[in-house]
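In order of appearance the chains are A, B, C and D, and numbering begins at 1 in each one.
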Amino acid sequence: MKRRDFVKFLGVTPGALAGSGSLADAQERLFENLLRPKQQDPADMWVVHQTTCTECPAGCGVLVKGREGRPVKLEGDPDHPINRGGLCMRGQASLGRLYHQERLREPLARGADGSWEPISWNAALDRISNALVESRGGSRNVYLSSRTTGSLAQLLDEFAASLNVERLPDLELFSYGALREAYDVLFGRREVPAYHVEEADLLVTVGADLFESFISPVRFARHVSEGLEHHLDWYHLEPQLTMTGTNAGHRIHLHAGSEQWLLAYLLKSAQPRSPLPARVLDAVPDVTIEQAFARTGVTPEQLQGLVAAWDAAEHPLVIAGGVSTAHAGGLPTALLAGLLQESSGAIGNLVDFGEAENYDSVGTPGELVDRVVDLASANVGVCFLSRLHTLAPVAGLQEVAGSAVLTVGLTDFLYPPTEACDLLLPISHSLESWGDVETYRGLTSVVRPAFTPLFDTVAEGDILLHLMAAPGNWEDYVARQWQAAGADVEEQPFLERPTRPVSTRLRAAPTADRLASSWTPDTLEEPVLAFSPSVRFFDGRSQVISLLNEIPDPLTAVSYGWALSISEDDAMMQSVEEGHVVQVSALGSEDFFPVRVHPAFDFAVLSLGMEHAATAALPIDANTGELIRCIGGVELGRVRDSAVLTVLSGSMDASGRGVLPNDVHHPPGVEAHEPGHEPRRLYPTPEHETYRWAMAIDLDKCTGCSACVAACYVENNISIAGPDEHRKGREMSWIRIQPYLDGDRPIEFMPVMCQQCGNAPCETVCPVYATYHNPDGLNAQVYNRCVGTRYCANNCPYKARRFNWFAGQRPEPMDLLVNPDVSVRPKGVMEKCTFCVQRIREAKDHAKDEDRIVLDGEFTTACAQSCPSGAIVFGNLLDENSEVYRWAHSENVHRILEGLGTEPAVYYLRQDNRGDTGHE
Amino acid sequence: MSDTNRRWEFEDEHEFLEKLKELVDQGTPTERLDVITPIPVPATEEILKMKRSPLRFFTLAGALTGLSLGFAFTIFTVMDWPIITGGKPLVSLPPFLIIAFALTILLGSLASFAGFLILGKMPSISKIQNPIEHENMFIIMLEDEAAQ
Amino acid sequence: MKGASVLPAVVGGVVFVVLALLTSDASVLPALLMVAAVVQGLYAIAAAAHLAEGRWILPARKTILSLHPLLLLLPIAFLAYSKNISVYSWTEHPTFWLSPVFFIARNVVMLLITWGLAFGFSRAALCGSERASMLAVLYAFAFVFNQSFIAFDWVMSFDYPWISTLFGGYFFIEAMFLGLATLSFLGMRLMAQGKAERGKTFMDTSTFLFGWSLLWAGQLFAQFLVIWYGNIPEEQLFLVRRIVDSPLRQMAVCIPLFLFVIPFTTLLSRAAKASNVVMTVIATLVFIGVFIERLLFIIPVAHMNAIVVVLALAALGGPFGYVLKQGVDEEEVTAGPV
Amino acid sequence: MSSPRAYFEKLEIDVLAAMGKPSIGYLIALAVSATCFVVGMGLWGYQMLFGMGVAGIRHPVGWGVYITDFVFWVGIAHSGTLISAVLFLFRAKFRSRFNRSAEAMTIFAVMTAGLFPLIHLGRSWFAYWLFPYPNQRELWVNFRSPLVWDVFAVSTYLTVSAVFFFVGLVPDLAVVRGRAEGIRKKIYAAFSLGWIGSAKQWIHYNQLYIFLAALATPLVISVHSVVSWDFAMSIVPGWHTTIFAPYFVAGAIFSGTAMVLTLMIPMRKILKLEDHINIGHFESLAKILLFTSLIVGYAYAVEFALAFYSGHTFEIAHFTYRLLGDYWALYALMVFSNVLLPLALFVKKLRRNIPFLFVLSIFVNIGMWLERFVIIVTSLSKEYDPYSWGTYVPSMVEVGITIGSFGLFFTLFLIFTKVLPVLAITEVKETAL
């Protein structure tokens, strides 16, 4: 897909603001100058802007596809170095934040009775200015925000300096405290380096949830899937099951808190490539294989296998992170991982400090606690809380904020922190405002407004500038920053600076000392409560987005609400059943959790989504200042009552049913129906002339991340059903990630959508021709002809059809988030995946104008486009040079329920017994 | 008195039949004889030498029309706008047979009913206005020549 | 009369057994299927008539009720045939249901039970005891299950794992179809010998044949449509093998023609129902049609030797015909019309 | 016996007496049924207003109580024409005692059944799209769809049954005419089409009646076969099986005959027709009940056995689920009412025991409703893809509409007993001799 072919940029003439001019009319002028796509482009033309996703700190590049002056779809920017076209489900769904009904629409001030009352921007800002002036009398002003980089970080420092505001370290739940501390100890670099997994041939991840929330999930997904191409061998060791774990060739469960023992064993038993100083080695306890087994629970065979693989590998790479560095043993784990990287010669290439993530301004919760203690004694004047969805991790912070003379919240939702605020300033969404993000050293990407703000919101930068009474507006400020860097913010979507290789030297003495001091002999007492990374909600900040709640968690298949996932054995021992609402001792809080009993989960580990950590006050690790995400010795309290979980999976056992590409059951002596081979019939399967649209999905590459699902929802205007409907199994998703238990991996993920059958059982039974087989091989669905007999759905063996039980709800302004190319289905009609027929039509029209047929890769479906690991290809099966043809005719190809003779157009690829040992 | 407009009533079927036979044997023209019975009496048909009802031809005609119409109709529609569903042939005779069957029965019965009304000269306004009640008697009526 | 019917049965049985032992394919199966169908079918009709107090069977009643020795012949014949059980491909991978021992055992037992009940019923009916009705009911059960299992085991399991739940029902409908055709023959012979005069009940037999042809067509269509429409390769293979690939595929058309189209259309007319010529033709067509169908079922999946097929048919069909002839000849003049 | 005429007169008086002034009990019954019907229609309106979601049906169980009711009522409709036509052809005398009410029942049941395909549509207001006419773009209906076959089969069935019913009525309407007064006389006169019972009328009449019977008989078979094919044409395990057509036909006759008993036993008492309908007549119905129940039992057995015989994963899984799964209790009750309990009819004493027959008929009605429910729901709730499994529980709306359908049926039937002779007077006369 050639982006340049269709990308159109906003032409914005910098509207110089009279320094004195009020902010309101500054806004006016700025956005008058923004072009209004409605006028410049016909309504049926897509307007595409390049910008950067800010839903999480990863900073992926996105293309904003707009129609009629409103963005309706986000897609990964194929040129962006981080994601190269992929985009995770949070990114896809982030439009749901922009159009959220509960978004703050105007400045609010706390009324006498404590309720929120509207207030004008000028009044609000004047109040702040006055408060700042008053605070000169000895009281301290503080500014706390979530991770801030690039121009805004710059401006914040200036703001702090000019208005005597202390800028507190940025608050992030994922602060990578242990890693940064460890690298500081080892090499004097308090940083999160870049891990180039794509260049490794052996990857050993210890708790690092590469695909959920660790540093940059989309990039990792792409790199790992590239790695698989050249047979990357991947060992993943973790205490509790994660989506990442299910994808590793070898997924090994170890006892929570025993990671340092395993790494120590590995360090001692593997041949070092570049030998470590004796002093350091002495600090590492000698661990025999028996001890290692006893501590970690990893069998000697597995241990030996791991060591063997490590020694055999040319470029082994070990990454510690996630829950494994978020407990008392976190620092030694991180240290040992660093030492292994050093000894395997990975530092400097595979582990690259040159492209280290920019976490300069981010503090650990631990650091913040110290600051709070110090602030608690002082009297706080103005307290700014910017872009924060929680203060819970930092004990006492809420109180400090509450006690301040004036607490100002810069936010888009009434997140819990706003309870401490006196004044709320609604900040524009990143699609409504300028800015930039320095994700890692050497890469800054532009945040560029795609359209005029929906509500009376202002960019954080403009607020600061106004308070500073500085000339020019935020856009100019950003532009100046870029000019200084010799770039043009109008033209360039991102700026890559050459990075200098960083020379590192292992600091033996501090390493040895710190290892010795931080070494914790005892592992956590089981059962352990672990806060699993959430691919849906990151650290909880994304939970406000309704779409993300609608899409089930890939592991548990639970959509709405929290659930405590436990293994079947635990359920038996604790004598609880699925749906029981229980108390968890460790949390102490009055929170109760419905139990999800899951056969694939590990014994003696209870896992809870990370989003819950955003509300619970978790303990903090003294060594690293990081949140503790593994709590030992928990007990399940009393069962309060029973709840119906919104589990969207009827059953995870598909053995012998021919759904998964594993052995299809056939009675003895009956040979399986061999793929691609057309069986004898009483009448032939329809032929196709020019096109037979088809899809191929590589299950080895599919991580289960559900980005495709989110993409499909947004692209096709699929309505949100909500929890009550989900309990009745009435979800509307056109594509779903089906989790299956299958000896091969802990969980197999299988994206299933309408299979566009050649002999579609659904078509014949429709009395009114509302669905039929079109000449391109699509199983067309004519919404306005459908009378809603639901016969087609009954007769679809893939259950890919969705019925509109009610009229879909789109609370204003969500009604703006509608793809005008796709009709919104009324109540009572059937709907389903159409292979994004609107895109097909667009491409065919375009081809027709140029009087040719559609070229391979000229366009693709929303799901395929969004897939971070490139597991889905779409195209014309009749074109023998097409990618999909190659995939569909490769080895180990399989179609679901092939024995039924429906001749589906969706092909699934999977190596048999990938990862010889499967999940241990 | 002459044999015109005579009317005999019997309580008993057999007496009635005997009288009827007698009349016919006497050479009374059968077309001048009419009988009214509360229940069907097949014997009268033989005595009066009535021809078998031609109703069956209505039935046959109706049924055949239905059959052919059923196929013609279904085949015409799929040809008129050929739409492939489920990989079935456009002209799917097995399903169409079901439609044809239904129409065969439908038109067959309607035609028979129509035939009944036509042959039995019903509904008959005059008989509706002043009907003849048999009052559970077996009645023989002899019309005079004038009535012919 | 018993002796008269036992002797040929024994002879025919011996010939059949020899044939079965000499061959190692399915050549003797069609004959076995035909005779099993027609004899059990006739008894079923007798039982039904007994229960419904149908008078129309009276003239030929004795004859039919003297057929039970032939039913005893079936288990023996089947045992002989089951020596060639390897013609069923499932014998290579036996399952619980389809294991040679169970297969043979259950069929022999069922054939014996059917014979026993038929025997008992004949005795009771002829000496007019009350137990006849009860035995008639029991026989009806036995008949239904036996024909079903003949369908499922002897024929359907050739195409394992293909199944058609109606197959059993289809078989016993056909068995009674053959029975009715035979009854029609008997009626005509009785009339020819002046032991009965043409009357309502002969018409009834014809009318039954007429109705049965429609019923049969329904059963056939019910199965065909489901398979045709479902378009599941495994199921369609059954039909494809027989009406697309089979060497006999041209003859396949005879089946609906002989068993439905011709009987139904001709018997629409009242005159045809009364005519000996027509009824002879129709009854014969029914026999031929069913036999072709049996062949068609087996040919694509098992080897058969044409001569042996014919000889086997003669071996079992001969005694059958003979016994009927004897029976009719020995019937004394019955009161009332046929 | 006294002279036939005396008997004829008595018969007429007795039967027409039943058409006399309604009793209080009658009026209450009528009011109750009518109310149920109105409430049911109200719920339908509510469903159309808010969407199909108010019913319990869900993904993947797209069909539930509504289709169950449809099949149930079509089934009820079957005995009418069976008793009339088939037994007429078999010259079974006892039919004359039941055919009138049975045929009326047929018509009302088909009307009731006809409602459900509309009710279960997601967009009922577009129901007319199912009828064979070309829309603005000259798109016709899909004749390959079993639902279109339904449209043809059911409407044909309604028409033919109505004609058959009316033809049978003509001589009786003449009888009523003879005894009626004033405006009623005129009305009945008009509807009796000027029937006087002359030989010229009888000869055509007899022919017509035979032909209608001959045409209606295959129709009875075909209609419920078509209904069964709504399921058998699919590829859903538990639905896609060849035995369905005869199996459903037998089931239909079974349930229909049961409904005849349920209605006739009280009616005989209330309308004081004991002299004309005796236990022997009921015994004959009991025999039909027994016979059809045996066929149904055979079908249950074969379905189950062959699933395991074949060794198909899906078939085995499905029937195991049907037997032991979420709906096991319904399945058990169904087998008891439809197969085990009717076996009692082998006992002559019970065959002739009217209270027992009444109780049995109720069980059979319930059992047959459950049969359809079990077949539809268990098959859909656990199909091929385990991810899309789910169990279905009917909502109050569905229950209400079902009760409403009974309301409609009984309203119509009660009205019938007052405006038309509930016994086929002329035929009873005929068979009485």
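Methods note: a contact is a pair of C-beta atoms (placed from the backbone, for glycine too) under 8 Å apart; a residue touches a chain by one contact, two chains touch by 3 or more.
Everything quoted here is computed from the prediction, not taken from an experiment.
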Pair joined by more contacting C-beta pairs (A-B or B-C): A-B
Chain centroid nearest the full-protein CA centroid: D
Distance from the mean Cα position of chain B to that of chain A, given in whole angstrom: 80
Chain centre separation in whole Å, for chain C relative to chain B (CA means): 40
Chain centre separation in whole Å, for chain D relative to chain C (CA means): 35
Distance between the centres, which are taken as Cα means, of chain D and chain B, whole angstrom: 28
Residues of chain C whose C-beta touches two or more other chains: 95, 160-161, 225, 228-229, 231-232
Residue list for chain B, restricted to those that touch at least two other chains: 83, 85-88, 95
Touching two or more other chains - residue numbers and ranges from chain D: 139, 141-142, 144, 148, 218, 222, 233-235, 310-312
Parts of chain B lying in touch with chain A, wherever the complex brings them together: 83-89
Complex interface listing, chain B residues touching chain C: 86-88, 94-95, 97
Residue ranges of chain B in contact with chain D within the complex: 11-13, 34-42, 44-45, 48, 50, 52-53, 55-56, 59, 63, 73-74, 77-78, 80-81, 83, 85-86, 88, 92, 95-96, 98-99, 101-103, 105-106, 108-110, 112-113, 115-117, 119-120, 122-129, 131-137
Residue ranges of chain A touching chain D (in the complex, touch as defined): 648-654, 656-657, 659, 665, 667-668, 725, 728-731, 736, 738-740, 752, 761, 764-769, 785-791, 793-795, 797-799, 802-807, 826-830, 896-897, 900
Chain A contact footprint on chain C (complex, rising order): 89-90, 92-93, 95, 160-161, 228-229, 231-234, 236-237, 239-240, 244-245
